[in-house]
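Each structure below appears as C-alpha cells.
In what follows, chain A forms one complex with chain B and a second complex with chain C.
Coming up: the complex of A and B.
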C-alpha cells in the first residue's frame, strides 16, 4: 500500500502544478460569485436559488475536473515513455492505476470542497442561512466526481483524449436520465436499451439539493447508502479499467 | 476465457434484471396514489358531508360554518378562474410528485441501492481477479 500512496502523492503534486486544475477551480468560484450576484428582486427565497444553482455548478465542476485531471494522465505517460520504468520494477499495473486515481481523486475532492466553502461564503455574504446538510451534499458530489474520474480513466486506456471528454459527457448525461426516458431514445430495441441503462448508475442518488433548499432533513442512513452506492460503482469502473489496462501493449 | 466471460455476463444480466429502481416503475400504487387526490369541488364536499353527520354538535356547527366559508371561497375562485390552492409544506400532492419521487424520499428503494452496491463490489472483485489471473 505504501508504494501506491507514495505514487498517489507524486501524482497529486504533478496535477497541482498543472494549469488545468487552477483554471477549472477559478471558473467554478467565478460561477459561484456570479450566482450570488443575481438580484433577488425582493423574493424571500433567493437563498434557495443560490443553493440550487450553486450545487448544480459544483456538479458540473466535478465533471470538468474529472475530464481535466484524468484524461491526459495515461496518454502523457505513454507518450513520454515514463510509464515503462514505473511499471517495469516498482509498481504493478494495478498499483499504477490506483496511485494515479488516488492522486487525482484527492485533488478533485479538495477542489469541490473549496467550491462548497465558496458557496457557504456567498450565502453568508448575502445574509442567507447556510443549511446544515450543504456539506454532506457536497460530499455526495465528491463521490459522483470520483465515479466520473474512474470513467475517464477507463476511457483513457482505449481512446484518445479528445474522444474521452465527449464519451464521458455522454455517460454523464445518460446517467441523469430515468430508465423510461432512456428507452424512449431508441424505442425500437427497448430490451437492449433497458440493459444498457441499468448498467449505468442513477446519478439522482447523489442529488439532494431539492430537500436542502426546502429545509428538509435527510436521514444519515441515506448518506451512507448513497456514498456506498457511488463507491461501489467507482470500484466497478476501476476494475473494468484495470482489466483493459492489463491487456494493453505499452510498446 | 469463454467461461469467465459467461460468468461475468450472467452476473451483469442478473444485475440488469434486478437493478431497476426507477421510482415511477417500482413504486406501489399506494405510494404513488398519495399524490392523486381530487380537488373536484362537489365530490369532495359531498364526501365530507357524508362522512360527518354531527347535527346538534355546536363545535361541529362551527366547523360546518368554516366548511361553508371554504366552499364559498373555492366557488369564488372557480368563478373568477383562479384555481390555485395551497398545501401544507412537505405534503405530497399532485404538484410535488417529482419532488417525492427522488431517491432520498423513496425509502423503499434504499434496500435496492444496498443490493446493487453489494453486486457491484462483487463484480469488481471478480473482474479484478480474473483479469489478473489471465495476465499471469
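Coming up: the complex of A and C.
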C-alpha cells in the first residue's frame, strides 16, 4: 500500500499546483456567494433557496471536478511520457491507477467539503439554521464524485479528453433518470431499456437536497447504504478501467 | 544459478496504421539474449525498432508474437521490476518536483530503505550536487538525463536498460555517463544499451546487435563485428631499416597472406606482427544497415 499512497501524494501535489482545481474552486465559491445574495420570499424560504441551490452547486461541482481533475491525467502522462519510467519500474499498472485515483479523489473530496463548509458559513451569515444532514449530504456527493472520477478514468483509457467530458456528462444525466423517463428515450424496446437502466447506476440516491431543504429527517441507514452502493459502483468501474488499462500498449 | 537477464525469442510487434486497415511490423522475428554481467549494445537507425523492443522488454508493450523473459519471468512482474533500472530516452518527469523529492518518492514506491544521505550521494555521483532542491522545470535536457540516471541507479539494479541515455549530453557528460555504465557493470549489473552513438557502444559494450527495419542484421562480440573476415595487416621492417623508425604496414587478403609473408621474408624484411584488419563500428553499422535496405 505504501507505493500507492506515495504515488497518490505525488498526484495530489501535482494536481494542487495545476490551474484547473483552482479555477473550479473559484467558480464554486463565487456560486456560493451568489446564492447568498438570492432574495427570499420570507426568511424561511431564503434558507431553503440557499440549501437547494448550494447542494445543486456542489453536485455540479463534483461532476466538474471529476472531469477537470481526471480526464487529462492519463493522456498527459502518456503525451509527456512520464508514465514510462513509473510503470516500467516502481509501480504496476494497478498501483498506477490506484495512486492516480486516490490522489485525485482526495483533492476532489477536499474541494467538495470546503464547498460544504462555505455553504454552512453562508447559511450562518444569513441567520439560517444549518440542517444536521447537510454535512452527510455533502459526503454523499463526495462518494458520487468518486464514482464519476472512476468513470472519467475508465473513459480516459480509451478516448481523448474532449470526448471524455461529454461521455461522462451523458452517463451523469442518464444515471439520474427514472426508469420511465429512460424507457421513453427508445420507446420501441421497453424491456431492453428497463434492463439497461437497472444496470446503470442510480445516482439519484446521492441527491438528497429536496428532503433536506424541506427539513425532513433522513435515517442513518440510508446514508450507510448509499455510501456502500456508491463505493461498490466505484470499485466496479475501477476494475473495468484497470482491465482496459492492462491491455493498453504504452507506445 | 540465475537465468538470463534478458531472453527475447522470435519477437514480433505490429502496429496498426491509421484507420486500422493495415499494419506494419516494427519488430520482426527478433531473437537475442543478454548474459549476466554483460554490456549489450543495441544499434540501429531511427525507426529500426529499438525503442519498441525496449518497451516489450519492460512490459510497456505486449508482443504480437514471440516472447520476452527476464530471469525467466514475464516482463512487468513485481519480482522483475524490483531488479531493473531504466533510463528512458528524453525523460520527462513531473517538473514541479526537485531531484531530491523525486528520489524520495521513487524510493518509497520501490520500498527502498534509502534516505537523504544516500540520495545526496547519488546526486553527487551523477554530478548534480547543489541542484538537489531545484525544481526540474529549471533543468536542461542533459540535467534531466542525469536525474533519470540517478533514479535508475537508486535501487542498485541487476539490470540497467538504457534507451539512448546520452542523447542531449555534452561530450564531458557523455564520458561521465560511460564511466557510470562501466562502474555499474563492474559492480555486477548487466546492461542493455540502446544507442545510435557508435563510439559509445564501441567504447563500453562487450557485444552488439544491429537492427534494421525491425530485423536483426548483425550480432556478435565487438571483436567479431569489427574484424573483417578475410583481410589482414602485416607489420614489417624493410631490410637495413633503422630500428627506431616506424614499421611499414601492408594490407592483404587472407588468400595471399602466406604468400606475401614469404615474399617479404625473401626480400629480407623483418615481420613484426600479422593482425586481422579491424573496421570501425561505423563501417560495420553502415554496411549491415545498407545491405538490409536502410532504416525506415
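Miscellaneous remarks
Following the convention adopted for this analysis, the second predicted complex is superposed on the first by the 247 of 251 C-alpha atoms of A that agree within 3 Å, B and C clash if a C-alpha of one lies under 4 Å from a C-alpha of the other, contacts with A are read in each partner's own complex, and residues count from 1 in each chain.
Just so we're on the same page, a residue touches a chain if its C-beta (ideal position, glycine included) is under 8 Å from a C-beta of that chain, and two chains touch if they have at least 3 such contacts.
Small disclaimer: the values here were computed from a predicted structure and weren't measured.
Overlaying the two complexes via chain A leaves chain B and chain C side by side, clear of any clash. Chain A has more of its residues touched by B than by the other of chain B and chain C. Legend: residue contacts after superposition of the two complexes on their common chain; A:240 is shown touching chain B, with no touch to chain C. Contacts of A:97 after superposition on the shared chain: neither chain B nor chain C is touched.
Applying the stated contact rule after C-alpha superposition, one finds that A:64 touches neither chain B nor chain C. With both structures placed on the common chain, the touch criterion links A:89 to chain C but leaves chain B unconnected. In the superposition on chain A, contact is made by A:222 with chain B only, not with chain C. Within the superposed three-chain model, A:14 lies in touch with chain C and out of touch with chain B [touch as defined at top]. Measuring only between alpha carbons, the smallest separation of chain B from chain C in this overlay is 8 Å.
The residues of chain A shared by its contacts with chain B and with chain C are 247. Of all residues in chain B, those touching chain A in their complex are 12-13, 15-16, 19-22, 24-25, 89-90, 99, 102-105, 110, 113-114, 116-118, 120-121, 123-125, 127-128, 130-132, 134-135. Against chain B, in their complex, chain A makes its touches with residues 94, 178-180, 194-195, 198-199, 202, 204-205, 207-208, 210-211, 214, 216, 218, 221-222, 225-226, 228-229, 231-233, 235-236, 238-240, 242-243, 246-247. Partner chain C is touched in their complex by these residues of chain A: 2-3, 6-7, 9-10, 13-14, 17, 80-82, 84-93, 95, 247, 249-251. For chain C in complex with chain A, the touching residues are 15, 55, 58-62, 76, 78, 81, 84-86, 88, 90-94, 96-97, 105-106, 108-111, 148, 151-152, 155, 161.
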